[in-house]
Each structure stands twice: as structure tokens, then as C-alpha cells.
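Naming follows writing order (A, B, C and D), and every chain is counted from residue 1.
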Amino acid sequence: MSITLPSLRGGRTMLVAVCALISLCAGGAAAQQAPASAGPVDPQLIDDLVAANRILADQGVLDGWGHVSVRHPRDPNRYLLSRSRAPELVSADDIMEFDLDSNPVEHKGRSLYTERVIHGEIYKARPDVMAIVHTHAPALIPFGISKVPLKPVYHRSAFVSVGIPVFEIRERAGMTDMLIRDRALGHALADALGSHPAALMRGHGAVIVGPSIQRVVGRSIFLPLNATLQMQAAALGGPVTYLDPEEAQKIEAREGYGLGRAWEAWKRKAMAKP
Amino acid sequence: MSITLPSLRGGRTMLVAVCALISLCAGGAAAQQAPASAGPVDPQLIDDLVAANRILADQGVLDGWGHVSVRHPRDPNRYLLSRSRAPELVSADDIMEFDLDSNPVEHKGRSLYTERVIHGEIYKARPDVMAIVHTHAPALIPFGISKVPLKPVYHRSAFVSVGIPVFEIRERAGMTDMLIRDRALGHALADALGSHPAALMRGHGAVIVGPSIQRVVGRSIFLPLNATLQMQAAALGGPVTYLDPEEAQKIEAREGYGLGRAWEAWKRKAMAKP
Amino acid sequence: MSITLPSLRGGRTMLVAVCALISLCAGGAAAQQAPASAGPVDPQLIDDLVAANRILADQGVLDGWGHVSVRHPRDPNRYLLSRSRAPELVSADDIMEFDLDSNPVEHKGRSLYTERVIHGEIYKARPDVMAIVHTHAPALIPFGISKVPLKPVYHRSAFVSVGIPVFEIRERAGMTDMLIRDRALGHALADALGSHPAALMRGHGAVIVGPSIQRVVGRSIFLPLNATLQMQAAALGGPVTYLDPEEAQKIEAREGYGLGRAWEAWKRKAMAKP
Amino acid sequence: MSITLPSLRGGRTMLVAVCALISLCAGGAAAQQAPASAGPVDPQLIDDLVAANRILADQGVLDGWGHVSVRHPRDPNRYLLSRSRAPELVSADDIMEFDLDSNPVEHKGRSLYTERVIHGEIYKARPDVMAIVHTHAPALIPFGISKVPLKPVYHRSAFVSVGIPVFEIRERAGMTDMLIRDRALGHALADALGSHPAALMRGHGAVIVGPSIQRVVGRSIFLPLNATLQMQAAALGGPVTYLDPEEAQKIEAREGYGLGRAWEAWKRKAMAKP
């Protein structure tokens, strides 16, 4: 699906208005012809995506409204995401395929995450990103609403070193109900994210991206942990030694990154739940 | 049951004294003739009320003394509430019907929540309210005893935006044992609540109301979360960006409100407990 | 067993030294003739004492080294306490009978809590006390080592209103290994407790007393909760409204006190653990 | 295996570079001839080591990447440690024997903890140490990155009294990926540890040592607890009474130390997990 938008001078608020008028944005997407499938995927990938949902729920990173997706391994223009379900309940049957306009390949009359456009728009903007988490992790909220930037205090959150921008939806679309309800808002969020590994969403949560399911799960666990530790270090008072950018770079450059060892334990624990 | 109270000049402290004298308040209610039932209700509603009890206990919102009620769907002058039992143990058999003076339709010799008058008096004063929670959630206590008002920091606690009043029982009834022991105190609490979605009770807890069981459960989870996040943001220092009243209004106006997705997970987890 | 101690001028440090010399203190008690039993007790009381151990472990109040006792219902000169075992593992078979010098009625070669003298000495000094908890609850430690007194912020911790003294073992016995190792130290602790419902032990924990097992369990849950809430309220800044002494008195005077409702839930949860 | 290193003037950064060049450090160790075994050990010791892994995971002290070792009881030049596995999943079959250069006696093609050199180098430097934990316990991170020293606030963390040094890897090896990747870095960490019971590792975690498995497990539980309590006491404001060095010494000198009672409960709880 290709949309040519008229030349815009009013900026993003205008863009939102245009979307509403011409019904071409996410809200109207279900009426479009369904996109073609990129074909079946390795059941192991589906299994990892289900595990990612359950792990992040078990670790307190995803509440009933968060979600996690993976880009389709055969086609960069498709991604996989659960139908609208709480992450701790997601199973393989719930996983659906979407195009980057966030239209489902097979709708089957299921209800869908409204904010799935976050995934589609970021996959469009960031060819390097293979997996995305949208979270409301409580520890991130204080940093999204204050002027204190997240800084890297812990070796497993070295990715914080490049800076975690804050997405202020008011600057992009004025007064809203805070949700990323359409592709224009998803695009604005992807724009705020830029080339960073995560962006906080003021008063809402965060979006976290990575080069694989395991990496994005790791980041989604360690970003809130970094936030908590940074708050505690600040409360202790005095100067704080953050990771040096060069240290952070070396950590991020580790081959393989060594997440498999923790993944095995996280997964066993999460999948053992009834 | 209709009571005509004598004209009062001494205010609420006097009213309490009158109640004690004439034995017409909650304490003496058991001796009254039982009110008529509004008839059977859909078992699904009972199931939801039981689930609400278990969910809020599982989420740490209700300790052994909190309670949750729903207005009778066929008669605005009746409400449903458990007999005196810890919420995590409540089952369908425990649910009883009360009139708005908080007299049980069928007493069956069961012991009742002393503070059930909270529910009756609020249902009288607030025709819009369909469900009520009385909680001692720890995170709310610091705000009830300090002068710092709760403000909305998180999209799911947008209802905080209209202000959460603090009920100071000393101003209404002088020195008490802090419990809402009779209808006069229940009325005073309903008066302090006014048209708000919740009121903190100094040194005690809070009362939270809503247009449905799901909504009041959601508010009861997100009010303490908002309190925790606001404390953390304050500790970080510097200016805090709260939800704008217009944002809050748009969030609260969402059709359906989207609680069903989390409810399914909350309920499955809570009901799986032994 | 009756001991006449020589007249002491050197104060408590001297007393400790005397105990060590004449081998009449707890350490040497096993060599004494065993005291007579006050007879069997209602199995329900043993069941409540076992439940108290399990509940307080489950609630995070007792670690592997805390303990809880009850005075013998037939003889105020005897008390019941587990042999040396972590509270979460205590069962009816572990409960033993002691005299107030903390000698076991039947030793059976079992290892005993070194600090059981806390119980014996407090039962001697406080005829009103029927049950005692010795805890290392983390939330109490900051108040034991600072100059900030615990104050009542919550209706269920109204008993804090009369003041919670801090036992500074250095003032009583100089430099020690912090444990209440003998009757002289137990007596010193009972002396610091005075007529209060609890005393903090600097750098160690607390002792909490009450008129029944249920009451002492309730106090042991709500004292650390009060500590946590008071820390949070202090962090929020500004004036704090504590319970008024008259409010506290009215709460403490409640007949029955209404702990049974929570007890049922606490017990079911704790006893369901493997 | 014996290595004669060339005389070094450039200090540790140079040493690291040399290791990389001559491939004699841990990374290249697998190619060496395997060291001889010191013989079988009592299955009870293996059982304790497995329990230590599971307990510290269950208590939140070890995440998926921490590890715990014990010195071989028959040969001070050998130690026992799991193959590369998350501690909560370790079983007896995973335990392997290593020499003090951290070469496995039988490699069996298994993947190994990269940072096992921490254990080998500390066992070399500290003949008194019989067991070692490497942890990323969150509560320790704020103290590792700030200038506030850990001080003993609690009787079970008396070992903090002698001081807990902070290992700043930048001072030893410049910019790294923060991991103790080779023997030279392990040696540098052992050097920073000196004769202390633990050393914090800035932005990473800590290493904790002790005279037995039970003692090192106890220290690993109480060091983060001490950190949390010290943060809370600092937040309360005003002067704090720490353990006196003499008190700490007396606590540490306790015969047996009394850990068995808690160990029984910790182990039962941890081993009951699926």
C-alpha cells in the first residue's frame, strides 16, 4: 500500500487531521484489501516471540497492555505480533502477520492492538530493527515526566549511553488521549526515536527496539532496572560515575552478547506459570 | 426505610451523637425489618464481583479488610457486597444484597462488614456510581497524611486529574477509632467525596468509585501506582509534567476504555490461586 | 528455679559478667533439673502458634532466625516456643514448653533458640503479655539506628502512639555480639520495653508483644508497614498528620479488634505453602 | 601450568595487552593440556554448591549471569564451579573442576563462564577463602557508582565493618567492556579485594568471599540488605549509629555462626521450585 500525502506546511498536527479526513490511516485500514503473506516462519521464531511475551510479563515489564513484535525473517515489509491479548496469555495461535501499514494479512475478525502502528512505523523507519517492545514499565514513568535524563549506571544497560529521548506527544499532536492511535502518530514516535535503542513516552511508557527478540527482551528488562538504580544513586547524593561512552560501546559490540544463559532461565520460569 | 432527622445546628459531630442515641444508624440496623430483594442477578455479575475481590487482593490493593461492591442492576436502591470475609477468600456464596441503609435483605446470621455503610451512603449520593472499592492500599497512605496532593502522572490514572480530596474524619466527627462505623459517618465521607472518582481517608485508606466493576478495579490498581510514581518523580527533583486536564478528559472519554484485555489476565492469575 | 543475685553496683555490664562466672544464666541452664510441665494445652493453641510462625515468615516479618511464643494458658510461669527452627518450617511437633528462666520442660537433646531468654524475661516482667515476637524485619532497622522516632501514621498501627523505645545494647552491656545471649540481657531488654507494645533493637530488629497470638501477629505486620509509610511520608516533605493519641486509644480499645477476618486469609495462604 | 611474564613497566593495561598477544590467558586456556583432577568430592559438598546456586537465585541475589564456587576440599589448587548456566537451573551434573588458572579438568566441550577467572585468581591470592560469589545484586550498584561507602547497619552484615572496597576497572585496565575476561583482570580484582570479605565492582556488581559455602551465601544475602537499609537510613536524615568495630568483630567471631537454621529454610524453598 502506497500513500502519497499532500505537501504539508502545518506539521504533524495537520498530518493527524489529514489522516482523520481521508481515512487512510490505521483506523480505516481494516477496510483495505488484505496484504499478501510473506509465507510461513520457523516455529522456533514463533516460540521465541511467545516466550518474549511471557517473560516480559513475568518480569513485570509488560502489563496487560504492552506488546512485543518481530520483523518477518523472509520479508522486511512484514512483522509478527499477537492479536489483542495480555502478553502473559499469548500463545502461538495468537500470533498474526502484518504489513508495515499495520494491516493484518488475515484478520479473522480478531480484535487487534490499537497501537500496533508503533511497530509498523518503526520497522519502516529503522531497517536495522528486528524486534520491538512497547511497555508501560513503572520505573520508566518518573524519567518520562521529569527533566532528568536516563544515564547508564549498569553494564547490562550500556545501550542507554547513546541517550534515551523522551517523546512528548503534545509537541507532535497537541492534546490527545495519549495513545498512538494512527500511523501519523506512529511515524511521529519513530521520528522521535531516531536511531536510538529506546524512547520514553511521557506519562505513558516507552518503546524499545533491538536487532533480535533476545536483545530487545534484555533491553526491556535492563532499561527499567537502570532507571531504578539511577534513582537510588541520585538519592544517595554526591557525584555518580556513569559508564563511559567507550565502555558502553565495547559492551554493545560484544559478539553474541551472552543473553542465552539468562534467556533459558527467564523462559523456563515464565512458561512454567499456569 | 425512611428517617426524618431533627433539624441540626451542631453539624456532623452532633449527627453522630444523635445516631448513637436513637439507634437508627447502621449499628442498630440488624433489628429492623429486612428490606425486600430486588430479585436475582445475572450470575456473570456475581462472577465479576468475586473476581474483583480476588484480583484486588492479588494485586496488593485489598488487604484482609478491604471490600468491593456493585449496585444492583435492577434496582438502584440495592447493592451487592460480600459478607464479612477477606477479599481473597470471597466466593459467590458470600455475596449478599443490601438496601442503601446497608441493611441486608437476608441476614442469615452472618457477620457483616461494619464499614458497609460507606457503600450505601455513596450509592445514595452518587447515582452515577455503579461500583465501589474501600481499600487500605499502602501507597495511598503517605498522601492522605501529608499536604501533597495526588496529581496525574500516568495515562491510566487520568481520573486523578479532577482532584482526589482527602477525608479528614476529625473535621467531621472529632476523635474516633477512624472507622466509618455508622451511616452518619458514611454520609460525611460521601460528602467529602463529592463528584470525585476517589477520596483518600487520612491515616486509613481510600474509597474509589466508578461506573462499572471493571472501571473501579482499574482505578483501584492505578491510583496506588500513580501515588508511587509521583513519589519517585518528586524524589528525582525538578519540574514534573503532569497530564494536562484536556489529555485526562480525552482519556476518560474513551469508549469502552479497553480494560477487558488486562481484566482477562488479572482474573486468570487471581482465580488460579488455591 | 529461683536465683538470688548478689547486690550489684556496677550495673548491667557487671551483671553480665556475674552470669558468665556463676553459670546460672541461660547458657548453663541445660544442666539444671528440668522444670515441671504445666500440662497439655488445647491443640487449637498449638495450631495458632504454628500458624503465627508460618504467617509471619510468609509476610516477610520473620527471617530464618525470628521466633514467636505464647504464654501457657494454664500457668503464667510457662511459655510455648519452637525448638531452634526457621519459622516457615515450624510444625506442631517442634513446639516445646519452657519455664520463665527459659529452661525446657523436656529438652530431648534438641537445639534451642539462644535468644529464647527474650521471651522468658518479658513474660516475667509483663503479666499482661500473652504472646511475643522477636523479628529482624528490614523496615524497622533504619528507625533503630537513627534518631527519628516511629510515629503512628496508619489506623492499624495505632499501638505505635504510646511510643516505641529503642533498646541500645551498648548502654546496657557495652560491646557485645548484639545477641540477647543470657537472662541478664533479656532482663535489660524487658526493662527497655517497659510497658510498651514493642521495642526496637538497634542494628538488630525488634521485640513485639501483645495480649494474644493474633494481636501480636497483627502488630508484627503493621509495625514494619508503619515504618515504611512513615519513611515515604517524610520523603514527600511537609507536615505529617499522625494519629491523635485519643484516636489511637479508641482504636486500641476496640472489642475483639477484628483481626479474625485477615487471620483467616493470612493463615490459608501461609499454610498452603509446601 | 606456569607462566613467566616479562618484566612489566606499563602496569596492568600493558599486562592485558600482553595476554591478548601471547594467548596464554583464560581465553586461550582451552587449548592447554587439561590439569589433573584432585579426585572426587563428597556428594554433600556438590549438593551444597547446587543449593547455593538455587538459593541465591531464589533470593534475588544472582541473576542469570552470577556464579558461585567452592574450593576443592582435597586440593587448594582446584575449585568447583558450574558450567555456563543460569544459577537457578544448575544441578549436580553441571559442576566442573578447575585449576587456579581456571582451566577445566574435563572440558567435555561445554561452554564455560568467561568470568570464572575471578574465582581462580582470588583462590590464588586468598588461601583463607573457601567459597566465592560473583553477583549483580541491584542494591549494590548505587554504592559502586557513588562515593558513599557501605557501612554496617545490621548485625548480620557485621563483615561490612572492615570496609568494602570498590574495584574501578578503569584504573586497572582503562576502557573495557566491564567483564573480567582474563586472568590479568581477575588478578587485578583480587588485588583490589585484598583481605576484605567483598569488593564492589563499579557499574557491574560485586565479588563476595567466605570461609565456607554457607558463610558466603549468608554474606551475599546480607550485603545487599545492608545496602538497602543504609540507603533508607540515609533518607530518614540525621546521624546513624553503625555497628562498632568491636561489635562487628564479636559477631564475626561467633563459633558456627548459626547459619544452619536459615540455610534449611532457604534451601527447602529454593529446591521446591520447578
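The criterion applied here is as follows: a residue touches a chain if its C-beta (ideal position, glycine included) is under 8 Å from a C-beta of that chain, and two chains touch if they have at least 3 such contacts.
It should be emphasised that the depicted structure is a prediction, and the values quoted were computed from it without experimental measurement.
Within the contact network of the assembly, the step distance from chain A to chain C comes to 2. Both chain C and chain D derive from one sequence, and where they touch, under half of the residue numbers involved are common to the two copies.
With every chain reduced to the mean of its CA atoms, the largest distance from chain A is reached by C.
Averaging C-alpha coordinates per chain places the centre of chain A 36 Å away from that of chain D. Each chain gets a centre from the mean of its Cα atoms; for chain B and chain D, those two points are 51 Å apart.
For chain D, the set of residues touching two or more other chains reads 235. Taken as a contact graph, the chains are arranged in a single closed ring, with each chain touching exactly two others. Residues 57, 63-65, 84-86, 88-89, 114, 136, 138-139, 141-143, 145-148, 168, 170, 175-179, 202-204, 231, 234-235, 274 of chain B are the ones that touch chain C when the two sit in their complex.
By the touch criterion given at the top, residues 152-156, 158, 225, 228-229, 232-233, 235-244, 246-247, 250-251, 253-254, 258, 261-266, 268-269, 272 of chain C touch chain B in their complex.
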